[in-house]
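As written, the chain order gives the labels A, B, C and D, with residue 1 at the start of each chain.
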Amino acid sequence: MKLSDKTTSMAEAVAAIPDGATVMVGGFGVPGTPFALLAELARQDKRDLTLIKNDANETGTGVDLLIASGRVRRLITTHIGLNANAIAAMNEGRIEVEFCAQGILAERVRAGGAGLPAVLTDIGMQTELSAGKQIVQVEGRCLMVETALRADVALIHADRADPFGNLAYRATARNFNPPMAMAATTVIAEAEVLLPLGGLAPDEVETPGVFVDHLCPMAEITEEYGVVRR
Amino acid sequence: MSADKIVPLKPADPRGRMVARAAREIAPGMVVNLGIGLPTQVVDHLGPDYPVCLHTENGMAGVGPTLPHELADRNLIDAGGAYVSPIPGSSYFDSATSFALVRSGRLDLTMLGAFEVAENGDLANWKIPGRFSPGAGGAIELAQKARRVVVMTTHCDRKGNPKLKRRCTLPLTAAGAVTRIFTDLAVIDVTPAGFTLRECAQGVSVAEVTEATGAPLRLPEGDIPTF
Amino acid sequence: MKLSDKTTSMAEAVAAIPDGATVMVGGFGVPGTPFALLAELARQDKRDLTLIKNDANETGTGVDLLIASGRVRRLITTHIGLNANAIAAMNEGRIEVEFCAQGILAERVRAGGAGLPAVLTDIGMQTELSAGKQIVQVEGRCLMVETALRADVALIHADRADPFGNLAYRATARNFNPPMAMAATTVIAEAEVLLPLGGLAPDEVETPGVFVDHLCPMAEITEEYGVVRR
Amino acid sequence: MSADKIVPLKPADPRGRMVARAAREIAPGMVVNLGIGLPTQVVDHLGPDYPVCLHTENGMAGVGPTLPHELADRNLIDAGGAYVSPIPGSSYFDSATSFALVRSGRLDLTMLGAFEVAENGDLANWKIPGRFSPGAGGAIELAQKARRVVVMTTHCDRKGNPKLKRRCTLPLTAAGAVTRIFTDLAVIDVTPAGFTLRECAQGVSVAEVTEATGAPLRLPEGDIPTF
């Protein structure tokens, strides 16, 4: 028995994403955002996308390449305050934005990856985030149904990987990457370092390769991945 | 050995042939969970170059060969308690992640044992009321959520009663889950029309399989291949 | 800022557990079972316990020290087939046993640790495990409510730890330990190796010390932790 | 420096004194999340030997000092985007685990900014309809689930209007969550009977605090201490 090789070029992996796809994107600010995969998505001119991402990056970078150019129809997110394009697009009705509480977004994605149709929670019960949510009563408590989120494609940024798609992350570049790497029909991961099979110790793997479909080695660590000087 | 071929062992006994035949169900690149007991023996038919990822529900993907006690790692077992080994690319994870993998559709195939299989695909393999009720462990999720569920079992129980039935009489593990059954006598598919014979074991006649099956057995047109 | 020291002796940590407590216990078979903490629980003669554990270990070892001596009132588990004492106690009505599907036990515990009151699932829907479960309809599907499990105390076995209670595990000794280490009011972890603060790299920590209340270094790795010869 | 003392900085300006006073709310051994903005400055008052674990919701426990750009790790930020550093015993985790910690009661204290706080403890700090609606991020879970929620804010907004009110007029972050408010003028508790004055800032009179508060302010018997 040996494990299969899932290394793919970014161009090829991204080419299979259809227009209209729902795409989950890892990252919280710069760390963990798969800038290279996002640039390829823009380069291939994919359109009518639904994005699921914690934030909208900053103007001119990351998912803003897709938002500012009108490629995004809908965005499920927690906070877009650092991207004036996204705020303007939302205010002008050019994109539809659904806001989630941050930990509930993480749990909805995790539920999708764990094959659970929904979780029950009281988070946001007395806020406007509860508007339109189904309420059920369990053991005398009123709880909101938060349905699982799954995507057609997840775009993941890893620090290290092997050809089977086992992934390990760095510091706060984890964020939404581990749950999203379990919650899509097709999981595409970019990795800064591609190790040979066996190069990641089994105890060191954070996302088992079983969840990953395409492993894309990165050609270079571009400036977008660097320290932001404000 | 070719990377795409199952090791062509030719076991002499009927159970061995059943296991060897079932092993051919595993396509290259699959993620597979082998149930405790007979299904585990399928491992012996997967060569070192065959691309397959074995999953064990206690928290490992890329399960490697079983080790003798003197070489065992005390922290590394499969769900049946056998001491196993890693292969390049193996990973360990907790029980929540392990079943996330099962329920979210990343498990391509599971091979399970059975007390009873019904012609509608119902499976009973975890409880015999009053006699055997240790709990279902991971069986319910494996049977309900693997993309493909096949059963490997002796065709009849120790008393000679058929395990393939019109309806299960024991508590179900999962309803309508099983698509194919490998026995010491035959390979049988569960179809919308019921059990359909696909292959007979060497030296076993169609009449013998029909006789040993507790529900109508459809015979496709043409010859029935032998395994 | 520095992180506090949570190292405690096993005797002291276990002494605070009251009779009648609900106790989660990590482990799947031998790997990950906190045999030393369980022996201390038996030595201190704690009674009327509710245990939450994947399995009942084997006769004469682990939780059987508590079950065979009549200290357990109730057991929430997935499979007890390797412990004839436990089967007999169940059949004779000396302990109450609640069986869960294994992954659902893991999710109920994880929900407890994640502050989610319940998850919704279709697992076991057409089996007798669904008996008595609340059903809710979400987006046209009938789903079962699986309520979160929390415990008064969790007993955890780790491979390496630091004094703040950061934990790392070995191989298949993970199993139920990471979710249980988040799901109890008081989390007590035994560790084979106690490293100084900083001895576990931040990327290597699997259970953040924030979840752990008492870290108990193990005096020795007794025979129970070894390879079982059958 | 004693391990159990907050660094006794004595800032000259009112905001600095507010931050210094709020820092004394952190008891040894606490796990604390400091909201973006003013609350983050509390870090400057926690000495290197003070036993506290800072949490940032993007996935770190044991947040250490902020680093200048030339020393920054591009993969290590806090939720406000500042480049931070690890300390011995820090750990990194994903967003699901980060909020599991918050919701399951492992976060002892959060200090948040506010647009409005009501006398019943309601907090509004994420949205001004028509003007500011970037999304709540992690604020709702922090405010609803931390064991203790305190607010740090200027007593009045830029136009001089009170932020402490009978009822919030803006969309709520969480209902009945806030137990104490630190401002540049006073320390005020939220009690079942409404706002209660606990301390006045140096040089600020009780009358000034009452005047600047948009709801009745109860005065306990005896002297009001100064900070």
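In this text, a residue touches a chain if its C-beta (ideal position, glycine included) is under 8 Å from a C-beta of that chain, and two chains touch if they have at least 3 such contacts.
Values in this document were obtained by computation on a predicted structure and should not be read as measured data.
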item	value
Relative to subunit A, chain with the most remote C-alpha centre	B
Chain pair, B-C or A-B, that carries the greater number of C-beta contacts	B-C
Intercentroid distance (Cα basis), subunit C paired with subunit B, Å	30
Whole-Å gap separating subunit A and subunit C, where each centre is the average of the chain's CA atoms	32
Whole-Å gap separating subunit C and subunit D, where each centre is the average of the chain's CA atoms	35
Residue list for subunit C, restricted to those that touch at least two other chains	107, 114, 116, 122, 169-171, 202-203
Touching two or more other chains - residues of subunit D	60, 92-93, 96, 99-100, 102-103, 145
Chains grouped in pairs wherever the two touch, ordered by label	A-B, A-C, A-D, B-C, C-D
Residues of subunit D defined as touching subunit A within the complex	56-60, 69, 72-79, 81, 83, 92-96, 98-100, 102-103, 127, 133-138, 140-141, 144-145, 171-175
Subunit B-facing residues of subunit A, complex	1-4, 112-116, 162-164, 166, 182-183, 196-198, 200, 202-203, 205, 208-211
Residue ranges of subunit D touching subunit C (in the complex, touch as defined)	3, 28-29, 31, 43, 46-55, 60-64, 86-93, 96-97, 99-106, 145
Subunit C-touching residues of subunit A, taken from the complex the two chains share	107, 111, 114, 116-122, 134, 136, 138-139, 141, 143, 145, 147, 168-171, 202-204
In the complex, subunit A residues that touch subunit D	28-32, 54, 77-82, 87, 97, 99, 101-107, 109-110, 122-124, 126-129, 159, 169-179, 225-229
